[in-house]
């Protein structure tokens, strides 16, 4: 498990929507060893305010030394990143955490809600490479509106899995939540669900998978200071009444391990 | 005495030397009422670090709503300003302080050492406009090396005063300090000396002027928080054992008023 | 004055500090707003809930030698040394203008002894335009005086009693954060008869210039202010508000309306804007605007409904 | 280990904390460096003067519910609640690796009672690889225990005595900054027999999430750390260094070698790097490099020549 701090040059800046942005970064070492579901911590300011790094899932990692992050502007740090320009350098730390456990021998159903779609592109590509045939695998991508979903559809269509899109307002793909969409897919019993999105969504998926006796891997969030096990600040409640730490025991957990309120 | 906080657009960025930069800012209200010797306070960061504004003399103020500042990179704030780009906006506060008292009826000798040259361009232009003839007025501009002096010579030559340049290493103009140069000029008794530069330089000029019974106006520096009389943080010792406040009683003082150690 | 009539009747931003009525909870902190006049052409002073002037002593004080200030991470240290014109010149030179503003003027006072506090209070008695007295028992910059009063409950109570007995206007006591238990000091001050407490004054700090190996401040130590201290201030306001029944005025790193509202949620009835005035001279007025907008958006009957509404479960 | 042989003989960065010898003054602060292993692939741990591990209690502690941390201006608040594996599992699971590092390992301990401090000290006696004990009498996050010891001179001295009497290694007592007069506590601890004092622990602070009107931390209050607190830490180190004759270890907002050197000029014999480890995992090693370069450039015979050299006139 090797981790690196790199001064990564921004080589591409994509404004997908008013507040969704995708950055492509030259980050050789991280790109070389990143696994789907892992994340990076990025400094957003040159000064000391804001001081903490911000965690972002690895959206893509290429063999030619590049990684991508896909993020939504939610506050000061992401606001600053939204003002970064091609050619500038960012301090990127990673890859961090435990990613998804890919089951090559089983059908896969990837579920991404909102920004939860970020880690799914990397995961989908890895799965489609590991398997000879991904024709029976699914990707369910849900968002609030057309704007949120449409810009990413191309990237997912190329993978060769069955892509199902949904929006809360029906402005694109099916109308409704991904948790409703999954019911309509009659997935094979041994399907493994890989999910990332709002807690409410993941909780519904967990319940669904319990009923269907499917394995469900979820990527969760928490506030973070260090991202690598040093501060113990990223705990969330586990099933057994103890806590797990998102940054090094996660961010991907088997939904069974966690306490869902 | 009106002051303004303006979000001034950077319309020109001039890298005069490795660490000397000149910025031209669209700052209508400040440009309209600025007087030579006054200064502005500028925010250098978008976040809260560094938190305090930085003071800069008004290098030029034009009738078409523009001001210029000329600065040297000495730390974090000026370092950040050095990374600003044309089109970006800076929060500029001013004009602040009491400037030079121009004596239209008397010969003028402007002395600028190093960055102390910054306010002298604005002053020289104003004097040459107020007087019909500036042929007997002098500008002495001293710097450490050629790099520091040469880039600004053009601007001063256009004014029509007698320009004398000097460098410590003789790489440009006369070799030596401006305080030596002034001795060689046989200035008229009633000449008024307007000076800005290192304390040591201004102290020498003060002594010289005392001997010659000339009036000497100096622009001094101090650390500043508010720049407008609210914090009382910018005091320096005055002759009478009391303190004067650089931001609102200065930055220009009659050298006689100050305590020179 | 138009502006006030327009904006103030609705929404209701009024708060009371004892008998003192404020049109809104936003005041400017002592030593960070000069004598108000400095800001006259930069903002609308009539919009403020109140103005607290630079600390005044019985005799004029020259203050500390330079350098008096140094920047720190998200804050600054100051060791002004309480430079001020003295109470007599303050009354003769500054009150006329302040009175004309038509907003409450609160005089921040300090002394080296209980007697000095008493004399200065006597001098301020009956002076037209003085709406309240804020007793600085906490300024860390002067080596004698200040500190001691603010760190010892008995002495804090004694000064309070002395000033309250003589004052004909409400008395606010300003607390020092450089104590083990600020709630104990607040209770002592309440017992002494204070109409309100304001907190926090600056944290005692220090900075060093490595190249010269000298202190960055001529006074060696100074008072830390600005956003850096906000978490400490918010905690202390919360703890004090739990313990006393008199109004609490929150101070410390307040930059924006959000900051101010957080202090009110923590239990503050009003707030003071300090260091922020240096970075943005309009900060205090913008905070009034922001609080007004918040009250409207949240459909509060009054800003008073927000005081101490922190939800701790 | 090559690197050490290469770099350390010259220049001389060695300092002594009582009987404890450090190859350089740079240590990592408790709770900010895990059990060191987390940093093994990010920096050269052998370069450190010492490692102080996460606070250990007699029994394992689960710690506080989330959220445990929140960012503040140039700093952060934490309320981890002293989550730790307990002294027995610490010895069996963590010491083996730490011992192998070949640098001094200092165990930070805490308890709710003098008895607990005694028991944990007994348990650590004779454990190979434990170079010293740092007694946390100041952690502000646990409602009982911690705080009280650090704010009362008698109790601080009592805990110190109890641990010193039982310990077979040097004892460092870590002081709380949340007191009126930290020098008094330091003197009490010195009287109690401590080999050194380390300061500061975190300042008690609080943050509020305005939209929900809830505390940002589940524990309501937390400990403030980072650059924001550096001026307070530097001032306290300076004040304590004036009063005690045992070594002082400086902690608080140390990000760079310059910061570290300022603490040494103020009177610190060694320093600890805390929050900076989160922003730059290599911070501590880079600080060692920076101090080495400074000693070379300034032509000091030893870093020890810089201790307490602040020029106050």
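Some notes on this structure:
Should a chain be cited, it is by its letter among A, B, C and D, assigned in written order, with residues numbered from 1 in that chain.
Simple rule for what comes next: contacts are C-beta pairs under 8 Å (C-beta built on N, C-alpha and C of every residue); 3 or more make two chains touch, one makes a residue touch a chain.
Everything numeric here is computed off the predicted structure, so don't read it as measured data.
Greatest centre-to-centre distance from subunit C is found for A, with centres as Cα means.
Ranking B-C and A-C by contacting C-beta pairs places B-C first. Taking the mean of the C-alpha atoms as each chain's centre, subunit B and subunit C sit 36 Å apart. Separation between the centroids of subunit A and subunit B, computed from CA atoms only, is 55 Å. Annotation: 48 Å between the Cα-based centres of subunit B and subunit D. Residue numbers of subunit D whose C-beta contacts span two or more other chains: 73-75, 226-227.
Chain contacts: subunit A has residues 48-50 touching two or more partner chains. Under the stated contact rule, the graph of chain-to-chain touches is complete, every pair of chains being in contact. Of all residues in subunit C, those touching subunit B in their complex are 31-34, 38-39, 41-42, 54, 62-63, 65-71, 73-76, 78, 80, 83, 226-227, 255, 275, 277-282.
Residues of subunit C that touch subunit A in their complex: 73-74, 227. Only residues 1-3, 5, 43, 48-53, 93, 222-237, 242-243, 248 of subunit B touch subunit C when the two sit together in their complex.
Touching subunit D in their complex are the following residues of subunit C: 72-75, 77, 151, 178-181, 203-208, 210, 212-215, 220-221, 224, 226-232, 234-235, 238, 253, 258, 261-262, 265-266, 309-312. Only residues 48-49 of subunit A touch subunit C when the two sit together in their complex.
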